[in-house]
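Structures are listed in the sections that come next.
Both complexes shown next keep chain A, but they swap its partner, so chain B is in the first and chain C is in the second.
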Partner chain A sequence: MSETMPKPVASFFPALRLDELDDALAREIKEECGVDVELCLECGKCSGGCSNGHIFDYTPRKIVQLIKLGDRERLLHMDALWTCVSCQLCWDRCPSAINVARVMDYLREQTYKENVPPTRKEVALFHELMLGSVERIGRVAETRLVLEFNIKTKQYTKDADIGPKMFFKGKLNPFTSGIKKIEEVRQIFRKNPLRKEV
Partner chain B sequence: MSDRAEKTALVIGGGIAGLEAAITIAGAGHQVILVEKSPQLGGTTRELYSSFPHWENPAELLQGKIDEAQKTGVQVKTGFEVISSQKQATGYQVVLEGPGQKREELAVDAVVVATGFELFDVSAYGEYGYGSYPGVVNTLEFEARLREWARGEGKEAPPQTVAFIKCVGSRDRSKGYPYCSKICCMITAKQAGLVKELWPDSKCYVFYMDYRAAGKGYEEFVRSVIEEKHVRYTRGRPAKILPEDGRLLIRTEDTLMGVPVEIRADMVVLAAAMQPGPGTREMSRIFDLNTDQYGFLEPLSGQAARVGERVFAAGGCIFPVENQGALQQGAAAGAGVVALFNQAR
Partner chain C sequence: MNVAYFPGCSQHGLAKENDLSSRIVCRRLGINLQEIEDWNCCGATAAHSLNHLLAIGLSARNLSRARDMGLEKITTPCAGCFNRLKTASYAMKNNQIIAEKVQKIIGEPAPHEPEVKSLLQLISEEIGQGVQQKVIKPLSGLRLAAYYGCLLTRPKQISAFDDPDQPVSMDHLIQALGAETISWGYKTECCGGGYAASQTGIVYDLGGQVLKAALDGGAEAIVVACPMCQANLDTRQEAICQSKGETRRLPIVYFTQLMGLAFGYSPAELGMKRLLNSPYPLLKKKHLL
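And then the complex of A and B:
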């Protein structure tokens, strides 16, 4: 896998002037995602159980904290956006029911809108291929998705050994049929176009 | 019945705990003498502008208790102090000193000590500049300001940014006490909430190591201050306050992010530790009472309020306590005295 190691996010943190920060980002998150970061108890339960927390540059608790600090820049450039697998364990376990996964989705959308390059291109590519499949046929064609992803990332033999096994067990369908009302799905995509380069 | 009325209890301290003890004993039909060294009843409760967890006016609670004391026949002696006592077979011979060094001697069958706490002197913290930087105040001074502002009496312009520093003298082996003063977390939440209520556009920060809200409705109270009044809680114990262009620059670390933080505030409230006052030390000496290493009265093992054979204690002289707790302890001490009197009959 041609995984490019993420650049460390600026390790130097100048003193934050807390009284000069505004709560614009916290309000934006509340309006757009319905998530109120003021409910955070700072307990870290989200981060202790995070599926990929061990490779996050900012754990879910710190992400909520960064929203409170209004540090949009750091949030949009963080690597955790691209290592989060949206498993929603953080949300499930949060005693205040803060939906961090929803916030991660929102922040990823913002990177697209503001042309912030993803720290892990292959993850962004995977997102796009998957959504491309949905746009094309209304659902995810797994076999084609895997092949496309492997070709585009030049990992031609990745997972080649388990493909046939899955196929003979009926877990991998090479021909995924489209849905009937595909036009309605495509309309959604026309209203919310994906950024095409990457 | 006539036998019972001959018993007399002496309650020392006219705060909320002493009042409740006096009311309990007098309500059971015994004689009660309540001495208070200051000219007014009320103790620390009199200095409070609001209370937690219901934002009630402590003055109303206090007036209710003062009225009740009067109704139950408590003999109130303000301006009096206990200066000595001599143990008798079933009580104490006590000498009081009142205004103009006037001395009175009386025989009492039981004593309730309710001499309260006092604030730790926060000028011990040079780094916070209390006493040298204008705008740095302690808990009770800020409570007085809140009252002035709420009444529209404040002489100074209202602050735009207020910062609260908790644990000033508490949980500090170096400059204060190792113990947690227990009620500062709640008082700070209350005061910060009141600032936002008076001036919703002001900014309000609380620096904390953790907030201790162990009481009925307390956690909800603190959460409402954070979530509904939008007081910003920042974890970390400030290192230093620096005067800067007529304002106060606070340096701390946001220990949740591990990053340095600065705040410019107009006012800094130091949540001072609470310690036994000179009255408590005096009473423990005069009545030879059990105290802990800090000088707080220590109830006998397994006892709610008893600190000596015929001596009970209630309120802040045992440990810092809020109004509700002081009431409960006052009632417990009062009940102890009543039980003692009934046994002796």
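And then the complex of A and C:
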């Protein structure tokens, strides 16, 4: 600490000094997502409008601040990553056009690659099963996906009330036809592995 | 007018009526939908949630197949597919690094054309009030809530269509059919999207708010333009209403089903029997059957 720094200031703010912050995460977000968090006006429109802000542990406004503070650990473990509905309202409303939705995707992608356990594992499982279907046949086999999900989560009677109704209305197609050039789709998957290769 | 058509997975299963009514209405309006050959899933929420380049790559393959058809526009009746296709197109157009990466992934130049439009946008821009000329059975007496959902007009950077918060295009179409639309604040609130199976409580919460707002606004049905919105509000409605002691129920119909009805097609042809909360009693009451 410089000798010219008046002591009282440091004692008021013992935990945080802006000149000691690590801006590595902010730079990473800028490079990978094209998002400059320094443009944030701290207006809070993102959080005010956020579809699921009422159940987020960290709202978009706070997430932007945590990036500025470089708190990667907290961000990779937050529950909001698995309850965000990707409605993209935060990006739309931001006066500085900060694409928080893209940042949420990026953070979730890093979390997943680094094998950080998701706070809501059913959400990750559903994504995995859905992508499994796309990789297998090129499209989503909805009925099989829901059955697989209910079996894997041991929720054998989940939606037992609406399932039969949907079946008789013809909403549950038991046979989803796959695409012809499935190799083209599988190649896209092979070139973009979900987990970090070891 | 020839337009490349991307149905999306739901339109082959859960939301077949969305596909049926879209094709019927476009045929009547002189829009020739040409289905993209061998299209694949857009990746939906699952892909962009876990891998950005995978999501763009999957949509890029579809755009590439559509480009091969030599058409200027591509349309889809699903707000989710629309958002994924257009986001991919936007990223490849505005980000050279992404475009180069995609080229390596799909093994051909990154396509950002043809122009992606939601079916609502296509009909609003190309036909607009011209739909009135095709109406042979005006939907008079119906009071409806036009529900756009989150991704049809948002974010404005991607959709570049209508107002992101208070859109009017669907209201205008419905009014051209002879029905009335309510003024309400939930036009673009999220229904809970892809969480129907994995976080059902979120759909009860968010979808429940949309249903309540439509009922409070005096709507007799909700009109949608997305299979996720339809499925969430229709299939979860019974549980939501029961938990809140709500006795009223609302049919959730696609805007293309309403258009088809006004154009003289039967509800059965438009797949209205497939909806869980049947619109038949309402249509009967209004002498529209």
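General observations
Note that the second predicted complex is superposed on the first by the 169 of 198 C-alpha atoms of A that agree within 3 Å, B and C clash if a C-alpha of one lies under 4 Å from a C-alpha of the other, contacts with A are read in each partner's own complex, and residues count from 1 in each chain.
Please note the rule applied: contacts are C-beta pairs under 8 Å (C-beta built on N, C-alpha and C of every residue); 3 or more make two chains touch, one makes a residue touch a chain.
All of these numbers come straight from a predicted model, not from anything done at the bench.
With both structures placed on the common chain, the touch criterion links A:18 to chain B but leaves chain C unconnected.
Contact with chain C, but none with chain B, is seen for A:127 once the two complexes are overlaid on the shared chain. In the superposed model, more residues of chain A are touched by C than by the other of chain B and chain C.
In the overlay built on the shared chain, the residue A:65 is in contact with chain B alone; chain C does not reach it. In the superposed pair of complexes, A:151 makes contact with neither chain B nor chain C.
Contacts of A:52 after superposition on the shared chain: chain C is touched, whereas chain B is not. Looking at the shared chain after the overlay, A:176 reaches chain C, while chain B stays out of its contact range. In the three-chain superposition model, chain A touches chain B and chain C at no common residue. Those residues of chain B that touch chain A in the shared complex are 161, 203, 205, 226-227, 230, 232, 234-235, 251, 254, 256-265. Put simply, chain C touches chain A in their complex at residues 9-10, 12-14, 16, 38-41, 43-54, 57-58, 61, 83, 95, 104-107, 150-151, 154-158, 164, 189-190, 192-195, 197-200, 202, 205-206, 235-236, 238-239, 273-276. Only residues 13-19, 23, 36, 38-39, 42, 61-62, 65-66, 68-69 of chain A touch chain B when the two sit together in their complex. The touching residues of chain A, when paired with chain C in their complex, are 34, 51-52, 55, 83, 85-89, 91-92, 97, 101-102, 105-106, 108-109, 112, 120, 122-128, 130-131, 133-134, 138-140, 142-143, 145-146, 149-150, 158, 161-162, 165-166, 169-173, 176-177, 179-181, 184-185, 187-189, 191-192, 194.
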